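Chains: A, B and C, in written order; residue numbering restarts at 1 for each.
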């Protein structure tokens, strides 16, 4: 292990990590919003839309992100839709993540017994008040473990972005290995940087899970 | 109607080549799945034992797999081992190693949680009926464990298949790579091939994974 | 006699082909405690759910102070505020504290001030002996405590009538009493109540009138003493028989 090599590579890795973080977290933020909307459409069976959303979810849960990105980045320009690589990364991650988040959130919604809705309505609450004050808070807190798992999954998935020539961590590592063949240093730095990105999420995630499960429900 | 570049698929043996590429991915996932299921059952059962060393080792193993992107693991095995040990592991074997490493972790975690999800009084009521430990496992615990396990294990198969798309990044010539080659070769004759070919690859993956997901969902509903 | 609060007129309720309520009529008067009894699946719980507009009826009508009960109408939330309901499974909101469970609807639906809602909630909790639990979460309470909170939650909306749907059926025997005592206390205050229960001695104590339903129809009704001591119909006699046991006579060895 050569420390000088590592030091000289450090700025490149930092830059790459920032790109991974930027695209990753933007994609995650959008996928939470998209997943939330899709889950509500599915759960409350909004006419027409819930079928379209169903097809979207199945399509993106049953295909790999890499193929989705290839299609978005190399395929779509051929029919006149050109998307910048970074936007493409965020879009791809959002579409993939939206489908996963939607399913997680929907099973959170489904875990709440219908009689909870009835009990809120029997107190004179309107449908919207019931959803807002009674259903959503419970559904969100019961979906948190799945959300955390999805976030970790999506951050890991960002490792395919180099395929659409985004200079992320994988791209940088592969590039440097090819140029100078300092393989061990490059790989070690790759591992460390991914640990730096993912370990905090994993730790914070498990703390939040515990908090919500115990404090929120008073166990 | 814009040129969707689908014509290229019907030229010569292009479609056959794509399917051949798909088979390469599927072959890698099938081998890795077989290894994962077999070793996963063993490791998962080991994890329910109350041995501190086993617990610590499996915990670290699971955490590594949970956090590290499979791409990083692929790079380590494919580029790293050559450098460190002078082994020359080819791309396909590297893929099988990495996906098995990942799959065993996932599978063993499923086995472990299925085993501990069986309530204690299920064991107790079997013992109360005078059954031996072996009989209890064979006719009470294992059937219940399997009902929880099988849908999740099937789901793991689709995840494995989807993840094998990564092997293209270390140079395995699978469906996506074949697609690229076809697009390159027909650059002049059909400039829009990228749309048609990548759409086809997308659909091919869907055709393979979707029925398996549906099957797993149905089993889960039926058995829950 | 007091004014009619709820008029149920020839209602028919079907789930697909299964007729649950079959032309049932009943008037409930202000200040009256009506206890509904009958075998499982006779439609008594469904009747309560229809009164609250949670289930639509296919024929006939239910009116509350002359206003039609219609689950789809805009006015249903106003009506439900006047009709409180307590469920067998408590259905407290698990993510809210006891106090927040009680004050949610008064604040959001009736737009009462937080201070006002809390003050009343605390008074009512004190009455049922649970003031010290106000900051707990539902999971920290026993079944009997949860059910008392559920009653307080309904009361805090100042309903004109309370519907109780087998509120002690899910409780351990030693907790049944604490819940029934709360209901008996409400009866003393002239609250109008419709109670579905399997607790026969409680029914006898609390009811002004007993309604016996079987196969979706009222088979017999009357004052508790008459109904329990001298049931007129064969079906009521058979039903009451299921609560008594004859001394075992051993078979000859």
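Just so it is clear, contacts are C-beta pairs under 8 Å (C-beta built on N, C-alpha and C of every residue); 3 or more make two chains touch, one makes a residue touch a chain.
Since we're looking at a predicted model, the values are computed, not measured.
Novice: Per the contact rule at the top, check every chain pair and give me the one with the most C-beta pairs in contact.
Specialist: Ranked by contacting C-beta pairs, first place goes to A-B.
Novice: Taking the mean of all protein CA atoms as the centre, name the chain whose own CA mean is closest to it.
Specialist: Central chain: A.
Novice: On a C-alpha centroid basis, what's the spacing between chain B and chain C, in Å?
Specialist: From the centre of chain B to the centre of chain C is 54 Å.
Novice: When the C-alpha atoms of chain A and chain B are each averaged to a single point, how far apart are the two points in Å?
Specialist: 20
Novice: Centre to centre, by mean C-alpha position, how many angstrom separate chain A and chain C?
Specialist: Distance between chain centres, rounded to whole Å: 47 Å.
Novice: Over in the complex, which chain C residues touch chain A? Could you list them?
Specialist: Listed in rising order, the residues of chain C that touch chain A are 49, 52, 54, 77-78, 80-81, 83-85, 87, 89, 91, 93-95, 97, 104-105, 108-110, 136-140, 153-154, 157.
Novice: Using the touch definition from the top, list the residues of chain B that touch chain A in their complex.
Specialist: 2-5, 63, 66-72, 75-76, 79-80, 82-84, 158, 162-163, 165-166, 168-169, 176, 179, 191-195, 197-199, 201-202, 205-206, 209-210, 213
Novice: Report the residues of chain A in contact with chain B in the complex, numbered from low to high.
Specialist: Where chain A meets chain B, its residues are 58-59, 61-64, 66-68, 70-71, 74-80, 152, 156-160, 162-163, 170, 173-174, 177, 181, 183-184, 187, 190-191, 194-195, 198-199, 202.
Novice: For a test of understanding, state which residues of chain A touch chain C in their complex under the given definition.
Specialist: Spelled out, the residues of chain A in touch with chain C are 115-116, 118-126, 129, 133-134, 137-138, 141, 216-219.
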